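Below are two complexes that have subunit A in common, paired first with subunit B and then with subunit C.
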Partner chain A sequence: MRLLSVVAIVILFGFLFVGILHLHPVGEALGNSEVLQGRPELGIDINGVSTMDDYFLRNGQIETKSNNIVASVVFDYRGFDTLGEATVLFIVVSSISMLFFTFLKSKSIVSAGVPPAGQFPKIESRVITFGSFIMYIMILSFGVYLVVHGHISPGGGFQGGSVMASATALLLISFLITRHMQRTRKIFSFFESLGLTIFIGLGFAGITISFLYNFLAHTSTGFGRIIAFGPNQGYLISAGILPLLSLAVGIEVFFGLSLIVVTLFHVSGVKDTNSLR
Partner chain B sequence: MSAIVLYVTFILLLTIGIIALLFKRNLIKIVLAFNILDSGINLFFIALGYRENAMAPIFTPAPLDSVITMVLPTPQALILTNIVIGFATTALMLGVSVLTYRNNNTLDTRKLRGVEEYD
Partner chain C sequence: MMYYFFLVISIALVITALLSIYFRDLLAAIVSYSVFSLVLTVLYFLLDAPDVAIAEAGIGAALTTCIFVIAIRMTRRREE
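Then we have the complex of A and B:
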């Protein structure tokens, strides 16, 4: 049996190695590499564009009013795919909450190192508690910056939400929110559902054309502000519904990942193992 | 040779992940094998869309030249999706592992299956 597995792995390795010899070399991706070459001033022109990616690079800025082409692919051209991804994250958080349902409902939780209510935690010094509170504010600000500027600079809802969720882990190791576990879970699950609801609601707002249609990008004022093609400084109020979708995804990812972290932290600290069965 | 070294790295990561999936008995190590597979696939996609001397597909910090070379945006968007999905599935698998250990006092897959004597 073991010999058969080894043979199968060797065959797989050989097939993959033969396969990569027929790919293009690294660094020479297909299509026309020059984005702005031979391009008229404005207007949609797909002449000479041979691949999907070159179409996105040449027309993404005009069609979605977004400087960040990756964001326009994630939230506009493939917006339905992103909805599926946000749903997968929601389902995973729901599954983890469901797995530890009996544990989280029990009132007599003795987490390791957590003092009773009203007492200051003795296991950590005030330096750690106060320092992590300051770092919490700074990390949260950076995450909000990443979410809000997702359409004009590197970042977006998923990255910013993950950064903010790491701040929650910092609060957990300094025992700042461990005493209010039930309340924390309720608040986090409410806001996580709110993020996904905002995303779906924005998708239904443009339902007269199609689901997740970027209706704000065609108004030429406000969020649909016309930006110059090519390099420009970028505007915070632009790109249609992209910043709003990014904000919704940021809320959902932040509170979802925080809920996972809080749940697993409390499960790892429990002393009474019978309540888990 | 340097043109395909990233592809060879991808194949090595994939093979290591599959070997660990087949031969490791510890559930935590199987979760780590899934992570290694994920990393290999991410590397493969990014290497497919890479262009020599190109910049990220973002126009804000781009230089004011008439010719700008950019890498492909779609593989990056797909990998953005895959990273979050990989994180979520890893969290779910670790949660199931915690419950498995609490209920059976072991993480060995052969013991969990009820096989006492195996080769």
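Then we have the complex of A and C:
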């Protein structure tokens, strides 16, 4: 058994090193032609560059009207993968809700330190409460910025949504959240489902060409604004359906991860944990 | 200069990862894991991947720590 695990580790590290040898050098746009020239099976064209990532770098801005090439790959070229990720997150949140809410419904929740609705907590440190509130607003603003500018600057739906969900965790630390568990669950699960529904609806909107087709990017006004190749200042309304998809994923990730954290927090506040087992 | 910076960051990664295994106090292990995520964020940012850096800071350093602390609150703090 020990020998088998050593062999497995050696094989995995071998794959890792072989993969690292064929990476682009850091900061270099084109493929390492010396490496790729001698290995025609890795997929190179006549100029000695690997076809796929150089294709994205050369044509991404023209085809998807998006300045952020990563966003154009994530939401346009590989949009179906993103739909899969969003669905996986949705299923995780659903199963956590299903596991814990039947339990939480039967108990009267008396979380330690959680105040009744509409009241501020009786906590000693005003520094923690007030500082967390200020930081909550700032982190939430940063998350909204990341989601909205997902097609221009680094960021996007998943990143911005997880940043906003960490703001929710800050609220839990400072006990600024109230004990209205069922209402919180209804609101959060509604918005989470809404995000995924918007994503799938936008996918079906371009169904005449294909699923998740970027139909808005092929006009020349509005969301299909033509942007220059290379570095430019970027426009908020551009890139076709990419900002809308990013917004949908951001809503889904924010409310889903917040629902997980809030649920686990309330479960941990229940005194009698024996009935959980 | 940049080479030594990468070297320091890589050594810090290995040390924090080993510490998070070594600690018997689970809260200390979680804090060490959180520091691991933060150092990894710096590494991702230096390697021109700010997307991944933001995701790592949000999920790895903040949310995972929060969920682990909640799990400790429901169970025991020390590992046998």
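The rule is short, and it goes like this: the second predicted complex is superposed on the first by the 215 of 277 C-alpha atoms of A that agree within 3 Å, B and C clash if a C-alpha of one lies under 4 Å from a C-alpha of the other, contacts with A are read in each partner's own complex, and residues count from 1 in each chain.
Note that in this section contacts are C-beta pairs under 8 Å (C-beta built on N, C-alpha and C of every residue); 3 or more make two chains touch, one makes a residue touch a chain.
Computed from a prediction, not measured in an experiment: that's the story for all the values here.
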Which superposed partner A:L212 touches (first subunit B, second subunit C, both, neither): neither
First (subunit B), second (subunit C), both or neither touched by A:I260: both
First, second, both or neither for A:F158, with subunit B first and subunit C second: both
First (subunit B), second (subunit C), both or neither touched by A:L247: neither
Winner by number of subunit A residues touched, once subunit B and subunit C are compared: B
Touching partner for A:L146 - first (subunit B), second (subunit C), both, neither: second
First, second, both or neither for A:V70, with subunit B first and subunit C second: both
Which superposed partner A:L171 touches (first subunit B, second subunit C, both, neither): neither
First (subunit B), second (subunit C), both or neither touched by A:L99: first
Shared subunit A surface residues [contacts with subunit B and with subunit C]: 26-27, 70, 154, 156, 158, 162, 257, 260, 264, 267-268, 273, 276
Subunit C-facing residues of subunit A, complex: 26-27, 70, 146, 154-156, 158-159, 162-163, 165-166, 169, 172-173, 257, 260-261, 264-265, 267-268, 273, 276
Complex contacts: residues of subunit C adjacent to subunit A: 47-48, 50-51, 54-55, 57-59, 62-63, 66-67, 70-71, 73-74
Of subunit B, residues touching subunit A in the complex: 3-8, 10-11, 14-15, 18-19, 22-23, 47-52, 54, 56-74, 76-77, 80-81, 83-85, 87-89, 91-92, 94-96, 98-99, 102-103, 119
Subunit B partner contacts - residues on subunit A that touch it in the complex: 2, 5, 9, 12-13, 16-17, 20-21, 23, 25-29, 31, 33-37, 51-53, 56-57, 60-61, 67-70, 73-74, 78, 81-82, 85, 88-89, 92-93, 95-96, 99-100, 152-154, 156, 158, 162, 230-234, 253, 257, 260, 263-264, 267-268, 273, 276-277
